[in-house]
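Note that the chains take the letters A, B and C in the order they are written out, and that residue 1 is the start of every chain.
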């Protein structure tokens, strides 16, 4: 017998020998039918040390341009989503690198990509979470490797809570990599002192757009 | 002093003594535990809601365990379908052999690892070293601990026994061009710098798994730092190692577990990252691993599974709340246990994995105060299980399901309880004994020594309660 | 958990389970328990044929020995009236552990029945009898230590405190980290004496830091542990069982 079959047969024997006490039936799907609480989303993200800006979708590029000027942000890394094309076309003529060839660009990404800019496919309002799906448009490392991550997310793409989000993915299937992001990277591993930017972005800037 | 051992009972007393004598260590743990307990409490302001949520957590895990073999088959099937290769390991050695084989097959050279208790359990780092590989721990706490040739002292916060001054000294000594600083941001910055290089160059990433969803063939990893995402995204090959009990039925089970895990563990509403992996990079995707492997680890779990009461052990979601609330763990720290899993859950898991002959004594380091059972998010009755294992440790029943059963039985102790029972099941004899004890109270030897070393001797009253009650009756009639 | 459906006028008789520690070390607490109940017009049945609840061998893993004693308790306390126990841990043994300990024998039903009518003394006084008391003593500050079993297994921490709060002259406080075990744990105090002592040391410090005049607890094990250490340290902080204190404060033996 293969290890797999031995393990499974041990489990089956064990179960037969002492069947489980009855466990409560699975609860009915607890989905909120309420609308996502945008204020809660903002509060949660801010509490997690993210910067949040709310505005109409048409307004974020100008806002980001002025923010970039204030903070002397110059070099942008983007994928091939809508946010990337909007930003590339912006009047401030930002200097943009399109991240499309992992093998060739990987070491540059790690060494000298200061800011990643991308669109989040959705979000979860009550926990202040951004949902990023892997796919052809945006590399997964764009939200991970650069020290600053700027995310645009649309209010109408938000789920009220994680349960509703899970119903969606259960119905529509999972992407190869589904990532929930609820703030900048952090650690309290040294004497319970919170430090940001452990391995991922130190700063998370969120444009919450109508 | 800080190594893991397969014989934690050996020198347990010495380690306890040393730990209690180490004022700095006790200070570290006291501070850290108070911090974590306060944070957890703040996350669960409504006790009733918490109890409902714990009910749900326990039910989700129970439901999964009741279908465990079926869910594992479903998980395997879904994973294969998604392009994740599944391997089954009966023992730690099997798992290490499988992982080493996988690394060789892709000609792996640089290996990074995200935080994973399952790989600690199987001693993967040692096995890889023996096979000529080095594997760099990338969780900040694990990195610190590995660099100092120590082992983690807590399952969630591996370097909790260290203060920043000692970490500052370590970094300054061991990492080139690193000045001494106690600034935590700078220390983390140093770690980030070193580990970034390692991530960029790594060809194999190893990780654990918090939950695996059978419905979709999805591996879920929760973390704050991003090292888990790095380890599972950047290298070409990702190997995930998971205790086979971690499977859950469906995506819909995740939300409640996620409402319990980070709050119970570190008092956070949610972790920074929830990383759900359902396959290697697709052709149209620009990054991500080209191979994803899942190693399903038994290592004694199927044995635990066979006993209905002990099966509850497998509900554990490794949040660490039980140790954070354990007054013994708080005073000893994690290393004194000598085990991968310390604290209450360790006292329950380890004797079952290593056998009561090697780890049965661990169960004695518990006053059965119940603090752990009160906070466990999946309602594992830890005190009951610890007591049960004490029983198995002295049980002479050949049908006992636990390895090494009966091996903690000492003739003298068994005799004491035999005599105790003889007296206490014979009330007249019991009355005679208490009569003698109360009358001779000034002449009784001040025993036992273990008590009187720290306390005034026990002294019986001059009349027993029963005697008083009899006099009262007599006076009345 | 019992449903507290019995209303006090209906209850005329109760059993008292004395516990072995009270029997030998704190008989006055046992007597006070009887008197507190009798004063409410309740007849207290005290079966002479009682010894211990079986907790010491049970917690050490010697189930057979514990079972033998448990069977005896179940048989002796068979009348269908409440069983009152002036100790959280012994009450917890009867209520929470007898049913599983005796589950496989002929006494399984009887054990469940006993569990359902077992009460910790102060729980019974407060929740079932709903006593109302007048304080007769001088102003005093006390520190109350609730045992882990009273707190967690029995859930009666509030009952002890609520009774104390009825007493006007009594200022009640709890030590810092009140929810932390004092380190007694029965045989744990002897088998793991160093750990136990470390825990007791912290508890003694916290208890003393309150500046209270007196230490109270409704569990004799904790009292022996904390008081034993305080006395060894030469501290002057008299310790008393809660029942005894309540009896004295509320008129007690003064005619």
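Here is the rule we go by: contacts are C-beta pairs under 8 Å (C-beta built on N, C-alpha and C of every residue); 3 or more make two chains touch, one makes a residue touch a chain.
Computed from a prediction, not measured in an experiment: that's the story for all the values here.
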item: Chain closest to the middle, measuring from C-alpha centroids that were averaged per chain; value: B
item: Chain pair with the higher count of C-beta pairs in contact (A-B, B-C); value: A-B
item: Most widely separated chain from subunit A, with each centre as the mean of CA atoms; value: C
item: Length of the line joining the C-alpha centres of subunit A and subunit C, rounded to whole Å; value: 54
item: Subunit B and subunit C: spacing of chain centres that average the CA atoms, whole Å; value: 33
item: CA centroid of subunit A to CA centroid of subunit B, Å; value: 30
item: Residues of subunit A whose C-beta touches two or more other chains; value: none
item: Residue numbers on subunit A that touch subunit B, as the complex places them; value: 2-4, 6-8, 10-15, 17-21, 23-24, 26-27, 29-30, 44, 48, 79, 99-102, 106-107, 110-111, 127-129, 134-136, 139-141, 144, 161-163, 166-167, 169-170, 173-193, 195, 197-201
item: Residues of subunit B that touch subunit A when the two form their complex; value: 28, 31-32, 35-36, 55-56, 59, 62-63, 65-66, 68-69, 72-73, 76, 82, 88-90, 94, 138-141, 144, 157-159, 162-164, 167, 184-185, 187-189, 191-192, 195-197, 199-200, 215-216, 218, 224-227, 229-230, 233-234, 244, 249-252, 254-255, 258-259, 266, 269-282, 284-288, 296, 298, 302-303, 305-308, 311
item: Residue ranges of subunit C in contact with subunit B within the complex; value: 18, 20, 22-28, 30-31, 34, 46, 48-52, 54, 56-65, 68-69, 72, 148-149, 151-153, 179-181, 183-186, 188-201, 224-225, 227-229, 231-232
item: Complex contacts: residues of subunit B adjacent to subunit C; value: 16-17, 20, 327-328, 331-332, 364-371, 373-374, 387, 389-395, 408, 413-414, 417-418, 420-421, 423-425, 427, 430, 434, 437-438, 448, 450-451, 453-461, 463-470, 472
